[in-house]
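What follows are several structures.
Each of the next two complexes has chain A plus one more chain, namely chain B in the first and chain C in the second.
Now for the complex of A and B:
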């Protein structure tokens, strides 16, 4: 009986449940101050705002679970969004959605392979390796192709931009809130990766190498190949995500995503990933992204100036870190079994 | 146990870059027997295990498994032939569940692409049943005690059809009771016809479990035979190549009091502890894990100070509220986990030796290099640290030598009282007796020595006075005329069932 109570208590106070409580409290507080918050429009806004964060967070999550870290995806993403539009502008790339996304993903692949070689073959610390890749990608791009800004989309991307999943019209104000079809990308990515991480030897292998690389080697996992996969997946998916960014934001610059890595890593950590590897899952990461997106997009509804945003995100990260530490303490208190 | 031989090695030789790690080793392991492989550190045990498990290919010699000569064996071949090694760190995944840890290797062996969670749970349940352990399959490994992690590792080996299970120093991190449980499991596996090879060099532990014994020394085969043919003297002689006296330590009678502890209490750890240490005494402090034996050492050294009670050192009452207080009163302390708490592994012998007495070598803003080197050389010679110079990093030393460096570090502070927690854990028999010799010498010079340990033979042999702790209280104070069995009974309390039910 007691063990069952204890189990229930543990389940109710687990990290994801606490995140859900925090999110719920935040939503309740906002909706008390701004009843307009409780509207499908809010859901659509958050859905739209969270698209890139979610995709990038899944990329980063896979790398973190494998015991690594990738801080190069914003720079790689910039290359992946800039080069295709640049080439198209100069008539060197056909105006075709598949061409744009294909090239973006190919660029991501190249940098993913580079990261993979640096980390799994040359055994560089992942932070340093991907920091180098980041600088090389970002600096190389500016050196080779200059710093322009593309603010008009080629017709094919513009057409993609106009495809919506649903459009909600607010009866009172007449405003319309469209939800882009591209929202399906993070949804699909989450579903697929949740299945991969839980039900395939590839996914379990990533957990295994993140937990103890040496034990994984003895068990017969191909540690190098798995590390390689993590970085390549991260690169390719980040490339595609960058092209989604360009499509939705009508903007492609050489620095658009720079600096995003910290907030993405924060979302992963808040969602239960441990930077030491081996821990984290898609569900937790979704909660982490949701919380951070909520804070980013709805602070003004609480009457807090947007300039407080970074500060507030810092608080969220702190919450995540403290939560992890408290949970670890609780576990020590429970003792070994 | 049958007479049928499962594994036979003949004249196995292996060298690495000119160093002969194995110089012709013979070994025979029969089906369903428990075979102990013993030898001091560096005798080639690890290399031999790696040869058996296909990690190293021997330069010379032959290996027969199940009557079949095997050549160019790879790790996977060894596994497929039923050889499973359980390394000291168990090679388990802390972040995965018990069930997954048990079943993942098998899934991998079958080249599965997808994970069948139902099958994983079935496999884990089967393994647990065979091992006879009851561990929640959904708990992550990081939550398990060392003993239970070991159960999981054994379970994993068994479900992978182990015919020979090699346990590399399986008892190092276990309590006496956990060792008993492990031996019960080993007996159970033995009855199933599985051969078990245990690497261990504590005769009192293996006496209760092993059928036969093989001893290696310096990479060479020394002797082999039924365990009944060995007594402590032969065992030690075969392992070290020299006779080590089994004489007990007896202090020259003295009434001069060095340390008196009265009513020392720290709530939750120990209560009303009193004892006296006279000149020449080596005082043993023992008890089960959690009895407060280690906490008293920590209190006397100020790591977790006592809340009440008196400590009188050399006739002067002292107050110890911090490590700095303890050091100011010339108390030295060697922690149980010396590798993480007592040594800077990456630094040189010299840096470690002077680490606690560095102020002495400050000459203005500079350090007296010559003085530090001289002091280190003095201790290298004095207590027999095997090292070419004061310069090598401590991590390159063997366990026994590293332990001597910790001792040197404190001796260099001229301690009046020297507390050692588990001073010979992980130390070879040869080095062990040297360390004991050092301690006896120090005691006779008038330094108070307290040895905290649960190694009962060690205590009886080396301490002339033993304080037994139980549940935070002093259960008994005895001299070294006590035998190990009575001492062991004192440790767990007269009424064993009561202890069992806790």
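Now for the complex of A and C:
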């Protein structure tokens, strides 16, 4: 009986549940302040706004679980969104969705391999290694191709932008809220990665090397290969995400994504990933991203003055991080009993 | 593994060498300036040695300025130098490198006024005329004259005027600024507020910060319109503000119902001008600003050669929008032109930057 009670208590106070409480409270507060919040339009707005954050967070989550960190994905993403449009503009790349996404992912792959070499072969600290990759990527891009803004999409990407999953029309205002088909990308990514992380040797290996690389090696995991995989996955997925960004925002510049790394890492940490590696999962990361996206895109609805918004985002991040860290401590304590 | 390390070391060495060569960039450009020196004497009497240094050279804005300086050189048979730091960060050392030569005037668009100030001080002490642009907030002791495209308040008032016209002076407006601490963005918006209050019944919902991110103005526009469907006018300040707002408005099916004006560039929001979501955006032409800096430098040098100082009231620069100048009230060495350009469907082809 006591164990059952304890189990229930554990479930109700687990990290994901706590995040769900925080998200629920936030939603209730916003909808009291602003009844317009309670509408399918809000769901579509948040779904749309969270696409990039979600994809990047999954990339980062895999690297963090493997015991590393990647701060290069915004710069790599910029290269991946800029080069294909630049080549197309100069007639060197056919106007084809697969060509754009293929090249973007290939560029991500190259930088992923570079990160993989730096971290797994040369044993550089991941933060420094990926910081270097980031500078090389963004500096090299500007040196090689200069800076321009591409704001007119090639016809194939424009056609992709116009494909919507659903369009909700608000009865009262007549406003239309389209949800792009590209929303399926983060959904698919989450499902696939949840399965991979949970049920495959690859996924379990990533947890193992993140928890204790030495023990993992003795247990027979190929640490180097697994680290390589983490960075390559991150690079490729970041490349694709960057092309999604270009498609949805009609913008390809050399700096569009720069500075996004910290908020993405924060989303992972709030979602239960530990920077020391070995901990975290897709479900928690989704909740972390949801919380951050909710806060980022609804402070105006909440009526928080702009001058307070950065402060408010910081506060919510701190709250999330504290809650998950308390949680981690509790779990270790329980484990000892 | 050993081989691998060797390859890596080789790669690192190649990169370092490349960096070294890149470091030679400024001195190479100085040679370009020297050739200008050779031309001194021929031409029409007083040819000065003038350098124009942009904030950075790698963005479209300053490539447009370069076109302006080149066009000026071609039209006037001069050979003024245009060059600077690629990304801006080492602008101060670039200018310091220039000072090894004997310049009559240096025109600079400061990247970081703090690190540039001592270098400009040195230039002034050496008798070089220092002209700046977009540096009105800098301590005036570091330049001889600063030239601005327009008075910020006039520029902001124009946005309000346009919005009042588009909405017949009724409704609710919002403003975007790149940064709540940006002096110019807030001066534009404050002036617009004053005009709205005096000349319309329009109500302001708020002023929001976008961090110069298209995604931010896009998401905030959707959020604000969802919560406040009565919004019918949007004023943008950072160049990406109107682009994000226009995309949101167009997705919501509100093109033509919500008026959008603001500062931007053709390369950023040209497609929304074409489809009519943005009625007009405003900008100043960096090509003309480049010409104006050169013209001002020549005017100052001419005046000093004649033993006097520049008479602002009678100065007319051969650059569009700078034909007459007004001196700043607080600091008389800050000069304002009237170089705002309202870009619409009709004249967009002329401002393709």
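Methods note: the second predicted complex is superposed on the first by the 326 of 337 C-alpha atoms of A that agree within 3 Å, B and C clash if a C-alpha of one lies under 4 Å from a C-alpha of the other, contacts with A are read in each partner's own complex, and residues count from 1 in each chain.
In this section, a residue touches a chain if its C-beta (ideal position, glycine included) is under 8 Å from a C-beta of that chain, and two chains touch if they have at least 3 such contacts.
Here the structure is a predicted model, which means the values were calculated and not measured.
**Student:** Consider chain A as the common anchor and indicate whether chain B and chain C clash or fit when overlaid.
**Tutor:** Result for chain B and chain C: fit.
**Student:** Determine, under the contact definition given at the top, whether A:309 touches first (chain B), second (chain C), both, or neither.
**Tutor:** A:309: touches chain C, not chain B.
**Student:** At the CA centre of chain A, how far apart in angle are the CA centres of chain B and chain C, to the nearest 10 degrees?
**Tutor:** 120
**Student:** I'd like to know which partner A:218 touches here: chain B for first, chain C for second, both or neither.
**Tutor:** Once the two structures are laid over each other on A, A:218 reaches chain B alone.
**Student:** Touch check for A:229: first (chain B), second (chain C), both, or neither?
**Tutor:** Touch status of A:229: no partner.
**Student:** Check the residue A:101 against both partner chains and state whether it touches chain B (first), chain C (second), both, or neither.
**Tutor:** In the superposition, A:101 contacts neither chain B nor chain C.
**Student:** See if chain A has more residues touched by chain B or by chain C, and give me that chain.
**Tutor:** Touched residues of chain A are more numerous for C.
**Student:** With both complexes overlaid on chain A, does A:82 touch chain B (first), chain C (second), both or neither?
**Tutor:** Neither partner.
**Student:** With the two structures laid over each other on chain A, which partner does A:121 touch: chain B (first), chain C (second), both, or neither?
**Tutor:** In the superposition, A:121 touches chain C alone.
**Student:** In the superposed arrangement, does A:204 touch chain B (first), chain C (second), both or neither?
**Tutor:** first
**Student:** Looking at A:183 after the superposition, I want to know if it touches chain B, chain C, both of them or none. Which is it: first, second, both, neither?
**Tutor:** So A:183 meets neither chain B nor chain C here.
**Student:** Between chain B and chain C, what is the shortest CA distance in the superposition, whole Å?
**Tutor:** The answer is 20 Å, the least C-alpha separation in the overlay.
**Student:** Across the two complexes, find the residues of chain A that touch chain B and also touch chain C.
**Tutor:** Chain A residues touching both partners: none found.
**Student:** So in the complex, the part of chain C that touches chain A is made up of which residues?
**Tutor:** It is residues 1, 4-5, 8, 22, 58-60, 86-87, 180, 206-209, 214-215, 218-220, 222-227, 229, 240, 243-244, 247, 251-254, 265, 267-271 of chain C that touch chain A.
**Student:** Within the complex, which stretch of chain B touches chain A?
**Tutor:** Contact set of chain B toward chain A: 76, 87, 90-96, 100, 104-105, 107-109, 112-115, 117, 135-136, 139, 143-145, 148.
**Student:** Which of the residues in chain A end up touching chain C in this complex?
**Tutor:** 34, 36-37, 39, 41-42, 45, 49, 52, 121-122, 139, 142-143, 146-149, 151-152, 170, 172-178, 249-251, 256, 296-298, 300-301, 305-307, 309
**Student:** Quick one: which bits of chain A touch chain B in the complex? Just the residue numbers, please.
**Tutor:** 198-204, 207-208, 210-212, 214-216, 218-221, 277-279, 331, 334, 336-337
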